[in-house]
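Presented below are the structures under discussion, each in the form of structure tokens.
Next, two complexes with subunit A in common: one pairs it with subunit B, the other with subunit C.
Let's turn to the complex of A and B:
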């Protein structure tokens, strides 16, 4: 009798922890507590700065991915968008050949061009998915290949240097990058939780047929999600390009796993209908902590990839546990 | 008969959450004979057959199969004992071949090895196809087959496991006259081989043609049985429907006004509906009766803009809709409660609040960024919850999935309340809903009509339409076959109008 009661209360506690918005944050705390004693230089101000600098752009891209995953889709093209935006911005702004070279307006106009390029690719993805009913996986896989190919071709595989200082500061100065990421994060949070578009995103992800019967412009909502994902990838491109002070067609090429992995670790469902800004923030934080600590232990790249793979798999396991443990899923 | 009956039902009782659906059902089917099982929708035919097929278990009573006690715990038990089920919606995998479908769970193998004996598979399938009179190669993909051919493949599958008792549920609804004849010829051959058949159908003419015996179920009880020759069709119909109104329906206060709410003129879509003409006035409750497959749900989806129509005109409050999509029709004041609650009506995993607010979200959006006015939203949700009498136990954040069928349906209907629709189309609004919640739903519908909405209520239950409607349209085979005013309501007339006429070819 008391055994059963204990089991029930244990189960209730487990459920409460699993369903908490802060679950992944607690995981981060536990991880730091466990790993810090063995990892030299982990708990230093300098390392925290490094961590933050790499975390911010990843967070911004992952937010776009979150929106797309909520609709039940996936956007594999984000990394190629980062590369494309990086070189379009750099081609427009660089001091040697850019049409904005040395112009006082170089930074805002250049950033605008990058955002427009991101929106364009996102719009293409969304249109192909909604108008022609193609599966998101294939559409974004194809545009990933096409766009990254185009980016390399446009620059003949060269990187572009000598960008305006004002532009480089956007990503290079962590405080400015932090402000940008905060503004983006808060906007997306308000959009998801408070705006009509946000509620529509969840409805489409839960059940697109019901949403359509209820008068939700389903195609418009999906298109919107992909455009947002493209624009957010462009924002990330601004941060990454500024950090590197270089426009590169292969910038961000290797972060696709991190983007999707971090979003899913945070708790956003691959099946649609579930996802939050805070969840994604914690997911990115967790992935970056793992990344950073393993780097400090100077493990090889392979070990790092293996560990990340395991972590993502565990996150997927937790996701299915959450769905099984109780009706209170959202 | 010297041998034991193929199957005997002895006092079968079944309750679903306290509501009796089968009451002391007792009858038997002899080997080599065909028994027609008839009754209105909801009379308990499917439940009984699900018990026979091992999908459900009875609360009381027992079954005897060929002299042996029979209590299947699972559909595979049924098939092992020689009971085969041919469902109305065929259970074939369209991406696989005929042979693969037939032997899906029992592929002939090479010795004990996990390799399929291709040649044996081929010859056995050819033999079975020959037996059912289907001249097709065993490796034909099922997606290339017509419905009639699929039916024959299903029967071949039944024969492949040596079925001694085959249950057919409305096998002819989507068959042409010639295919029906071919099917009946095959079924007669099976009878001659000593196989017993249970044939479920609304088409009484077919029951007369094929069956030796008949059992009529009503409200879960056997109300008539005997050899088919002893019943006239009229006697069968009155046995099926001859019940007095015992259910309670709310009192109707309002009446139709002169204003037109919905006008449908000559709407046709080849193969689905033909020349549909009718009107619904503001404040009027119009019922639409018909049997399964009559085209009612398809018509509802056309009216709501979810499916196309080739010709004809639909207007709401005098405004023609042309080919507007669902969203534009909602803006014109059209609302729709689908019969497919799981797929079209609700986001099951989303919360009660999110579901209730989905349709009227736009009216709570403020400013350039369309931010939701939370207090207004919250107030609206509590108002709907009160109006639909949603169970007080449920919390606004609880997923709709966790509610009972009746409460889910209240949410599906409730989300339209805030827009005060000009026309509300409800498709099977009380299906799978318990009696108490049914009353609430009827009350809710009549209240809407009293406030000036025009209602089109589609249902397979004559009783409820008679109970709440001002007028009943009867649909059959894609056409409207009757328009009855309240004074003309009569169960027999309605059901007769709804029975499909045999098509000549």
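Let's turn to the complex of A and C:
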């Protein structure tokens, strides 16, 4: 093969890589290859287990954000929903003062209460956005504040432990958490790629007006997306609370940037109409790899925050570049 | 033409090879130091948001360096689950011991259990865990006794003034056992002196400066005759000063209208206010004592020696009368020199 042909072949490969669905996964691999030699304990089975345990709840909550972003909205209240669900579940289940203390039904009913709380807040967000035509940013920002305040008020800032072992296992045992995350991930994937509702989500995100004219129930679709986001935040709350073995009104309060960051890094558009389960998984994986490696390097908080910010910015920049240069149907 | 999937597999293979080299390197290093005495200790703080935690962090770092040990550091920025990850990372890196500042007394229990399961000694700096089957050592100030002593001094100053005082207390996050100890110490000191000091405002701050300022401004509007304030932490002093200035009640000790002011921690702001004559007294936690005790506890636990579950920092009260004498022991005074 001539030099020119070889160069063309490499350029074509590079273009395929840059514009493929697996771009962020490749970014992860390159990151691991670059960082692993300098990071003690990075490529060990033990660390892989740790990484997986931290990745799963973030993946679940980011899936909800993906659905909302596909419609062209944003859900800033997910972290407060996690806190509220954590505390309502703990109030119901704890062995000391819970309504269901030591009952065999404590775990399923407690988890059900958490899911219902998530759906309720999601439903409120969706209703406010569709009924009153309020901007999603303001609605979810306000409910973030309100829900967070309610969670703190419910327990007067206190945390609640002595939760049923069966509940703690949901988040504490990585294999169970993995099964939950897989079931959720596959369900959302099937919904997005195979169901009418999934097609409607993309249609609303591309152009709500056109979708409405085409007969898509736009308000119902948006409401559904926010309810899904609330429920998925509640599932994440089950996993996080199980890991911490404690219900806390401030659980997950600091992960909003991680949730949105991971979703956007994965390739889901902030302007709607674009997003996939696999992309979100890769975005979460990339963010967690960065977090995990920087922690293992024992960098100071200040250095860690700066490095993480720069890495996320570079990844987002790269993504924006391939969006601009890439094929329109991507 | 190269297929993207093939390209991906090639890169994976390269990453795996590079990683194996990386692992081999770290194992060689570990083996090289296995027989040596220096320890590697993981230090995980929940926050570095206030001067007290920064001083504690720096004191541990300096003490470990002085003793020839290596420190791995992690700060979770208020995120419990993140702190759990960080401690698991320490365990992955085979640390010899862990010093932990947890977010609260309950959420740290799975973290302690993880360290117990890995047979890594864990010592809690300044915040003890709830009672459970998880084994840890805690080094803490006697929040109750030190606050009671500090507030008793403030009450004695109020008595000297010869008139009844109206008091406000700024309470910390009640999920933090230290905040509860300080609130109870305040109540114990006031009990029996109600004819001298009447508590008219209890302001919840959740360890938040904005909430402290807003709460105190509201309290001063509702009860403009408040003239006795105790804060559960010195890091809220700037908020108090601001609220007092707004209300026209910020006067030096001995001046008409002076509000008796007391605190807890002993930070640089408290030292400055003591020097300037605005702060009557503060209970000082001995950061250097606590840091040294934490490190010693890890070393002792590793050596199989018995260590009590709770090591108390007696602390001391610093006020206008003993300021010159005690300033050298006050960590805030040392920080203000830097």
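The working rule: the second predicted complex is superposed on the first by the 311 of 330 C-alpha atoms of A that agree within 3 Å, B and C clash if a C-alpha of one lies under 4 Å from a C-alpha of the other, contacts with A are read in each partner's own complex, and residues count from 1 in each chain.
Everything that follows uses one rule, which is that a contact is a pair of C-beta atoms (placed from the backbone, for glycine too) under 8 Å apart; a residue touches a chain by one contact, two chains touch by 3 or more.
None of these values were measured; they are calculated from a predicted model.
Visitor: Should A:195 be classified as contacting the first partner (subunit B), the second (subunit C), both, or neither?
Guide: first
Visitor: Given the touch rule stated above, what does A:317 touch, subunit B (first), subunit C (second), both, or neither?
Guide: In the superposition, A:317 touches no partner, neither subunit B nor subunit C.
Visitor: Is A:214 contacted by the first partner subunit B, the second partner subunit C, both or neither?
Guide: After superposition on chain A, A:214 lies in contact with subunit B alone.
Visitor: Please work out whether A:145 is in contact with subunit B alone, subunit C alone, both, or neither, and reply first, second, both or neither.
Guide: Neither partner.
Visitor: Between subunit B and subunit C, pick out the one touching the greater number of residues of subunit A.
Guide: For subunit A, the partner with the higher number of touched residues is C.
Visitor: Which partner does A:179 reach: the first (subunit B), the second (subunit C), both, or neither?
Guide: Neither partner.
Visitor: Is A:17 touching the first partner subunit B, the second partner subunit C, both, or neither of them?
Guide: second
Visitor: Between subunit B (first) and subunit C (second), which, if any, makes contact with A:206: first, second, both or neither?
Guide: The answer is first: A:206 touches subunit B but not subunit C.
Visitor: Looking at A:47, would you say it contacts subunit B, subunit C, both, or neither? Reply first, second, both or neither.
Guide: In the superposed model, A:47 contacts subunit C only, not subunit B.
Visitor: Following superposition on chain A, which residues of subunit A contact subunit B and also contact subunit C?
Guide: In subunit A, no position sits in both the subunit B and subunit C interfaces.
Visitor: Of all residues in subunit C, which touch subunit A in the complex?
Guide: 1-2, 4, 7-8, 11-12, 14-16, 18-23, 25-26, 29, 48, 72-75, 77-82, 84-86, 88-89, 91-94, 104, 106-107, 109-110, 130, 173-175, 204, 206
Visitor: Could you list, by residue number, the parts of subunit B that touch subunit A in their complex?
Guide: For subunit B paired with subunit A, touching residues are 304, 306, 326-327, 330-331, 336, 338, 343-351, 354, 357-359, 361-362, 364-365, 369-372, 374, 397-399, 401-402, 415.
Visitor: Enumerate the contact residues on subunit A facing subunit B in the complex.
Guide: The contact residues of subunit A facing subunit B are 190-191, 194-197, 199-200, 202-203, 206-207, 209-217, 273, 327-330.
Visitor: Give the list of subunit A residues in touch with subunit C in this complex.
Guide: Subunit A residues touching subunit C: 9-10, 12-13, 16-17, 20, 22, 25-26, 29-30, 32-33, 36-44, 46-47, 50, 53-54, 57, 152, 156-161, 172, 240, 243-246, 248, 250-255, 291-292, 295-296, 298, 300-301.
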